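Let me begin by presenting the structure, written as structure tokens, before commenting on it.
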Amino acid sequence: MDEIDGANVVARSLKEEGVEYMFGVVGIPVIEIGMAAQAHGIKYIGCRNEQSAAYAAQAMGYLTGKPVVCLCVSGPGVLHTIGGLANAKVNGWPMILIGGSSDLDQDNRGAFQEYPQIDAIRPHCKHASRPTTIDAIPQHIEKAVRTALYGRPGATYVEIPGNLVTETVDESTVKSSPPIPLSRPVSIPPESLVRSAAEMIKESQRPLVVFGKGAQWSERGPIQLQQFVTATGLPFLATPGGKGAIPDNHPLSIGPARSTALRESDLIILAGCRLNWMLHFGQPPRFADNIKIIQIDVSPEEFHQNIPTTLPLLGDVGETAQVLRKSLKGWKFDSNSKWMKTLHQKAEKNKETVEKMINDESTPLNYYAAYKAVSNFLCHKIL
Amino acid sequence: MDEIDGANVVARSLKEEGVEYMFGVVGIPVIEIGMAAQAHGIKYIGCRNEQSAAYAAQAMGYLTGKPVVCLCVSGPGVLHTIGGLANAKVNGWPMILIGGSSDLDQDNRGAFQEYPQIDAIRPHCKHASRPTTIDAIPQHIEKAVRTALYGRPGATYVEIPGNLVTETVDESTVKSSPPIPLSRPVSIPPESLVRSAAEMIKESQRPLVVFGKGAQWSERGPIQLQQFVTATGLPFLATPGGKGAIPDNHPLSIGPARSTALRESDLIILAGCRLNWMLHFGQPPRFADNIKIIQIDVSPEEFHQNIPTTLPLLGDVGETAQVLRKSLKGWKFDSNSKWMKTLHQKAEKNKETVEKMINDESTPLNYYAAYKAVSNFLCHKIL
Amino acid sequence: MDEIDGANVVARSLKEEGVEYMFGVVGIPVIEIGMAAQAHGIKYIGCRNEQSAAYAAQAMGYLTGKPVVCLCVSGPGVLHTIGGLANAKVNGWPMILIGGSSDLDQDNRGAFQEYPQIDAIRPHCKHASRPTTIDAIPQHIEKAVRTALYGRPGATYVEIPGNLVTETVDESTVKSSPPIPLSRPVSIPPESLVRSAAEMIKESQRPLVVFGKGAQWSERGPIQLQQFVTATGLPFLATPGGKGAIPDNHPLSIGPARSTALRESDLIILAGCRLNWMLHFGQPPRFADNIKIIQIDVSPEEFHQNIPTTLPLLGDVGETAQVLRKSLKGWKFDSNSKWMKTLHQKAEKNKETVEKMINDESTPLNYYAAYKAVSNFLCHKIL
Amino acid sequence: MDEIDGANVVARSLKEEGVEYMFGVVGIPVIEIGMAAQAHGIKYIGCRNEQSAAYAAQAMGYLTGKPVVCLCVSGPGVLHTIGGLANAKVNGWPMILIGGSSDLDQDNRGAFQEYPQIDAIRPHCKHASRPTTIDAIPQHIEKAVRTALYGRPGATYVEIPGNLVTETVDESTVKSSPPIPLSRPVSIPPESLVRSAAEMIKESQRPLVVFGKGAQWSERGPIQLQQFVTATGLPFLATPGGKGAIPDNHPLSIGPARSTALRESDLIILAGCRLNWMLHFGQPPRFADNIKIIQIDVSPEEFHQNIPTTLPLLGDVGETAQVLRKSLKGWKFDSNSKWMKTLHQKAEKNKETVEKMINDESTPLNYYAAYKAVSNFLCHKIL
């Protein structure tokens, strides 16, 4: 009969559910979890503060689409992650927080760093739970990974009481939870709505595609969206969160003409982004008063936020772009239209303005000049 | 220049967003809201306790698919609704709570029934907000109605500070929010998954359709699901929440053979219901050890809960049943199969057992006998 | 070796800590706790709704100064008590809530009425905890009783997971927690402040004693306060919560002249009551602009609320009244002073006005007339 | 008519309530508050992270007994302070957090860094509030300062909506709140209990004074406690939080014999410290099984925690030490008793052991050796 401790059950479960990276700050009572994680082949990145560990875990989770863990000690350790958890919640980034807590039998007595951690964390998470036996750990880990990744992503939390970390049980009694597929469930809008969207696009004089974080998060979003704009010839721009889903140097990218494009468009295909402060709440004078919106989103609650959505398309950004592309097969927006010319001219002009500032190294240095060095470094040294 | 008070702005906004019914208990400071609601044509049902008003509002919202409001006073009034709000959250039932609070300028001073209401309510809601000017009310109402109904439904809360109820502003300054469509956005699974599901169904020896609350909530769920089972000849049963989506007297209903059906099925098409305690967590011995599950749900987080979902179909129950039916066109499960015979025989036998108990009026009366009277009353007097 | 189940450990601990009464609604999983409580000699009062059970428990706890329990089931049962808990928090009334929850091994799986109960309850309590073993129960009960009663009283919550209720352990392993003294720790202000207060009282032309809930809650508050006013001849009135600490028919009671007394006093000795909405926030025109306040309270945070406290006396209302009485020994406010005459005349006049309304039985009946019947009933039938 | 903006009202109110120091990280929307604070003579210490700003503010507040402020931006800024707020709550350290939030008219629309901040902060605070007009700011600031300092100290939070920061009103309309006395209300135990404590002390064979954070926080605690031990000749030791209330080089300090003292004492006078993990929960074998405890504390809820308090003395640590000293006048513990000899011998022996380690500079360096350098630096360079 082999014995296994809680630390190894946590680590084994995380590994089985597809976790490859763990950011964290170790200390009592989670030191052994950090060690066990490494023993199970999870790469552990030690941080100086739980705050940055939490931000790092969610950024990596969002960028890779995989479950990434943050590990922290009880009390202040857990509380320092709240900024990260809240960011994950608001921005829809996945992360799994594993936090230690005081021993179960010291609950309520004034234990080391005892605090109502679950209550403190839950408002900033999609899900929070606390196994009270080693046997229960795999199911809690599985649910935490699944909930963080599936649907609108976000943070989840599993709290491991200190005594479970080092206590052992007969290994054969601890059933693994089945690994959940990391390829996430997706859906598309009903066919009739896709057809309506295609009609609206064809009728538009000044169409514009705007995409955001949701386009990045969609597993095949970047490629399907790029196929969509390339096939349809529609001009596009990205919000900061959407940057990179389609490269900025794509010929249809009109990002530098952002203000003009938003203000003068008569139809915006909004893909995985919100009409919040970053897009001026969709309001005049930054948008036309009677702007039409086709919005693609996985969260129906986002439709009609601040202004009416003319045609809401509920579904995965990439998959929806694909069915929309198929529905528009054979049609392409006129690359010689007045709209395209306006946008390209404006983009060109703005580029020149920025270019000048980038190359202006007079004292005092303007901040665009700094971008030049950054850009050179990123393009030549990293990529 | 006409003046309008906050009470009338609340009522007008609710009406514009499609609210027809309001349950509540009036008192300071919401008396005027109840009166204004009636003046705007909303039917007001006065209750004795906010607890029952909240339960009533959500039940009606769930059964009608429309936004139904609960109105309550500050302090204990709001707190009495928490049981209802939590039920709405857990079960996915829509409701909009409008609660009064103390005057803005008495915040923090020990006002009548002053309490941190928003904090108290938020954990039990999908969304909670508090306008601090009359102008802001329509947008808060619109978002509350939309969020309660769209996506997985639930409760929302708008808090109206007492002074806003009776203060007035120039009517022309209060912009209405556009009415949101009460027909809710829906989606369907990608075509390839629908085909896979169809294949799995064709290959199954002992298929079973189990549907729940989600089938009822889907706007066209009841009719599309009924078309699906009728066309495919698949036997079905409902959880308590799903009862009635397809009538129990449908020839394919095998509800009375529930235990046998769950235990011996090799493929369950789970439509809008969860594998929680009510379905024994999907575990043996109530289910086959290697049971296959095709699960249709709007919440991807529900897939793989407790046991793996063999094929997750993310989408609206009704719309998904429809595309699945089309994909299975021409195929029908053999009504003379051993599986159907087993189920029908078992159902028949169980019906007889129950029938006996229903008709047994010996003393002391068993509780099945009471059902008979209830059933007669419902079938003959009401329907 | 005798076995004991969790239900009996809960009941035994409550009894040992001085609990004599339990209000509640039984059901899964707390039925056995209700039975065990009765078996241990606790009187159980079954209610129809947890809401009223919670209000009843705290009212009895406040009126008797002893720990009174509310027992409820999981999920909605617990949530229905929140109105009561919040009232206990705001008003400083003691109560202990014992709530069932789902079994520990079903946490996180969709158990019957599973809900994050601790999180939901904690904001409305002084303390909330959840033992996860039977052995831990006595300490949790002891802390709950102590915290509810000691200091500023309020509600506490102990959550008993369903499986603990019926599981058993060797009786000898379950140590009782020592019973806490139900006589609560009290303190008094430093001597120099008591002397200053005495000086202020002697110098006042129009002094007034106003007492509230805190005077009732103080163990010897009613008797010591009555000794204080009798010895000093100071006129007094009570807030609704203070009513009865000194009988209304005491010759120094000038309650019927409330408005005059508050408005014209130059020094108010505020004993165990807050300057909140009920006392018009201590503001003109209901109080003199330069009103002096000697405030006796156990919560220093209450001093200076809304208007400055001239002399804050931190301590138990009764004990402080006693040291103040001793400090004033030999002094008595002039019963023939203009202030006393004004108050008594005004009180007399107001009594007459009310008397008339009480005796006016013309149609439609005014509501004072109803008080007459109520008063007769209470005075003659009950007392 | 002079205009004043919200930033200046915040700063002026803080100054009027006695704030001299503000730690913080400025940014939208609180830049102007930081500037106004400096303009009003408050010293502003800019930090790199709100986390450290919050820890710094409370440490300074605790050490100086004065109100110290932390200033932070909305969203992540506020959330980064939670570790500090929770520490303030658990340890009873005062601090006032001023946080910006999004503009009132952007609430609910997706504003820059919009987040339910009040809900997030309240569980970690004694009090949290949000003025919605400039006029209301002084009262909110006054209550925040008062609540942080009075009673058991802790953190408080005032949230300033972004638009209030820069909006202006007629200066004459903004009434200042009266400054609250920074000298905090205190109380002492009733005389009879003080006499009982004196008797217990006289009868003890092996008495011991243990003091903690509460002794430091008591305004005259350090001096009155030192007078008490000097007058009574009682041996003492401090918890880490109490260190320095009486200097370690006082002849009665037996800190180096901590384990022996705790284990063999028959009566501990526990002054402002808790029997939590740091004092081994008051349990054997670290304490005698029948240890008697006289506990002085401002929080009655702390009495009887983990083990029974033989004699609870509710009151300020310093003031209570003073009345106890007076009650013991003329009595002194025998400095030649076996108990004193045991303690001094053990202390001496332990000092020697540590001394050796401090002076052991062999490789690898033990960590006591590092203390030597630190100690030299602190004693010679700083002090």
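For reference, chains read A, B, C and D in written order, and residue numbers begin at 1 within each chain.
Quick note on the criterion: a contact is a pair of C-beta atoms (placed from the backbone, for glycine too) under 8 Å apart; a residue touches a chain by one contact, two chains touch by 3 or more.
Keep in mind that what you see is a predicted model, and the values were worked out from it rather than measured.
Two copies of one sequence, subunit A and subunit B, touch each other mainly through matching residues, since over half of the numbers at the interface are common to both. After Cα superposition, the angle needed to carry subunit B onto subunit C is 180 degrees, rounded to a multiple of 5. Subunit C has its Cα centroid 41 Å from the Cα centroid of subunit B. Subunit A and subunit B have Cα centroids separated by 29 Å. Averaging C-alpha coordinates per chain places the centre of subunit A 50 Å away from that of subunit C. Residue positions 109, 116, 119, 122-123, 139, 143, 305 of subunit D each touch two or more of the other chains. By the touch criterion given at the top, residues 104-105, 107-109, 116, 118-119, 122, 128-133, 135-136, 139-140, 143 of subunit C touch subunit A in their complex.
By the touch criterion given at the top, residues 122-123, 126-127, 142-143, 146-147, 150-151, 178, 180, 184-190, 299-301, 303-308, 312, 314-315, 319 of subunit C touch subunit D in their complex. Those residues of subunit A whose C-beta lies close enough to touch subunit D in the complex are 49, 51, 75-76, 79-80, 82-83, 86-87, 90, 106, 109-112, 114-116, 119-120, 123-124, 274-277, 281, 305-306.
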